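Below you'll find the structure, written out as structure tokens, and then a few comments.
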């Protein structure tokens, strides 16, 4: 059975000056899945998300969302169409309360046109509870700790009623217990029918929540497949851990 | 006649670019290292010009000899201003430092007008009007000297920033303040020193300008704006960038002065806005936002 | 969600902290009293020409500060050239009256619309700039506009300026301009309140706090910024038009003075940027401060120094404005005044 593609890139490319940050990436995201996007630092993961979501102009290639060509759309239009994202470096609206922060998503996101500010403020109660921040509802965002700021990022994105959600390293900087609960949260978001692309360095999280993994290296596709396949792919190991590590690894194996 | 005006214009522009480099370079290091737009820059320049004027008028000190004096005095003033005033709020949002330096400019200009009166004054050493002609082009000695001195001071600054320990500390602070602090750089003093260098260079420029042009207490504002345009044109953060920016700007200014004399400043300002919009990384292509 | 649950979690609708916090009711009442006093002021026996004149100036400044607050306070773009809109409003009104022979109100509309259109045209390119670059671009445009107005003699009258007809009946002139300024300032407050309760208000504050996030969350940031800029131009343009007819004279050097920009920013900063009443109250505080200092330091030529020293003191000690103290959010103390330095010094 052919699965429904929600987002597709064709030869997506981004150059900074002469530097290729993303080079001819063809990716398909299927409706309802959790796809992992991994790669070493500087592999172009965030840049890739930026060119899809319109945060950065794309150099070449095409982006389709549910069959519609959205290449070069400004970010706000992409957001209203039903694509939401979180930021690796959290971007709360510090002068607003948690409720106001989340309400901005409900006001301007997918489906925001039918809500007044007042309705949006009321609407977000459920989402704030969903991410476990009900007790912080009227706190200012600048009073939150990092784990909660990460959750706030999630809540703001969810309030936009997205069909597709990009999570850019929402688990970085969290401790083991916090990661567990964040993983649980990602699964529950997926259960609400939202397709998710997770960028993550925490391998446990990748293995734990994703069904499929896409690997970028030097801006190009290196591999894709199930988490198990990909993490046992020698090229991926080499890209991640570097040649020296691999040499040493084999030397040690020989010695043993 | 047209072509003579044209050649003379080119020579004038080149000579002007030396002084303007000096005007802009202090502004540029303060902006680059401290991340503030020093709107009082032109006011310090004006004070430098007046120091030269008074030394010449009251004590007959040769204006070129007063250069180190005006620079030294303004170095001390700048150090104190940064250390005991601007440092207090240096990390505040942009609006705060912007308004603060703007207010300093207002105070300095107003006090200068109050004590020295608002009329135009000139420094007139015996050699003021002398010059030589090259072909049909006239070259006044004082402007040539100002050009050369500007280049020497710019070169000295480059050497200081690149090869001395203090210069390196300043640059390190501009790149990464936390790393610099960990390396043992004393940030408040380094900031004060940077600002002092900026004001000293402004005062030096003021001295050189006072020999070629009449001065008055409000002369500075135009130079602050010129310094900004030059930094935008050349891109922030490099001495060659400032020199290139100054050269470009001098041509724009000299030739718009020939062709549209009444809109001289407006044209320079509109060029600024245009460059900001079209090429926000400066013509030299250096990183604009750091 | 059922009605019962809604009651359980009361929602604070204070739009983006715009209103007084804490002593909200009391202060709102005090403000209403003050507004009422201003509304009937010209009818009071001691309302001499001097007082009407002074209050008209303060209210015009308040109106411009309220306008500046849209772009500078709520949207967070340090606009330093709002005097350009004041000047365009003044010239637009004046020229419409003398060249087209229109009445004051249609001319005022023309002036204000001209200021808004100008704001939109320059806003589209320059609102892409950030921080210092935006600030200096606005300074540059305002200065250039002044120079152009000064040298375009055939259109603007150049250095001779243009002279407008007097308001008639002339004995009501003081009252007329007072009420124009009063209505403009009050209208500005209402406009602020109105916007803060709309999505526009949320988009402005979102842009101020994080423009990338705002954009990604579906806010058309370009549109929101241009609107903030245009509305601040509307306020300054209307103030400029009223000012022109009041003084019956428009001169480039006068109506494009950068000090005016400084005054509006200072009024907004003194009261508190990004608050509804801050700029309005700040305009009064500004005048009181200036007047007091002039009184105690009666050297006419040093007024600019006084202004400068006030700015320096405000920037060092209380750049967030006095609104926090007035509203009871913070206690006024030496400690509170030093807090700013503790936060931002190196």
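Letters A, B and C name the chains as they come in the text, with residue numbers starting at 1 for each one.
One rule holds for everything that comes next: a residue touches a chain if its C-beta (ideal position, glycine included) is under 8 Å from a C-beta of that chain, and two chains touch if they have at least 3 such contacts.
The structure presented is a predicted model; accordingly, all values stated were derived computationally and were not measured.
With centres computed from CA atoms alone, C is the chain lying nearest the middle of all the protein shown. Centroid analysis (C-alpha atoms only) places A farthest from subunit B. Between the CA-based centres of subunit A and subunit C the separation comes to 42 Å, rounded to the whole angstrom. Inter-chain spacing, taken between the CA centroids of subunit B and subunit C, is 33 Å.
Between the Cα centres of subunit A and subunit B there is a gap of 48 Å. For subunit C, residues touching at least two other chains: there are none. Subunit A contributes residues 53, 55, 74-76, 78-80, 84-85, 87, 91-97, 99-100, 103-105, 107-110, 112, 116-118, 121-122, 125-126, 137-138, 156, 160 to its touches with subunit C in the complex. The touching residues of subunit C, when paired with subunit A in their complex, are 1, 6, 9, 11-13, 15-17, 197-199, 201-203, 205-206, 208-210, 212-221, 274. Those residues of subunit C that touch subunit B in the shared complex are 72, 78, 80, 125-126, 128-133, 135-137, 139-141, 143-144, 147-148, 151, 262, 265-266, 269, 273, 299, 301-305, 307-312, 315-316, 319, 340-341, 343-346. Listed in rising order, the residues of subunit B touching subunit C in the complex are 31, 37, 85, 87-100, 102-107, 109-111, 113-114, 187-188, 191, 225, 228, 232, 262-263, 265-266, 269-270, 272-273, 276-277, 280, 288-289.
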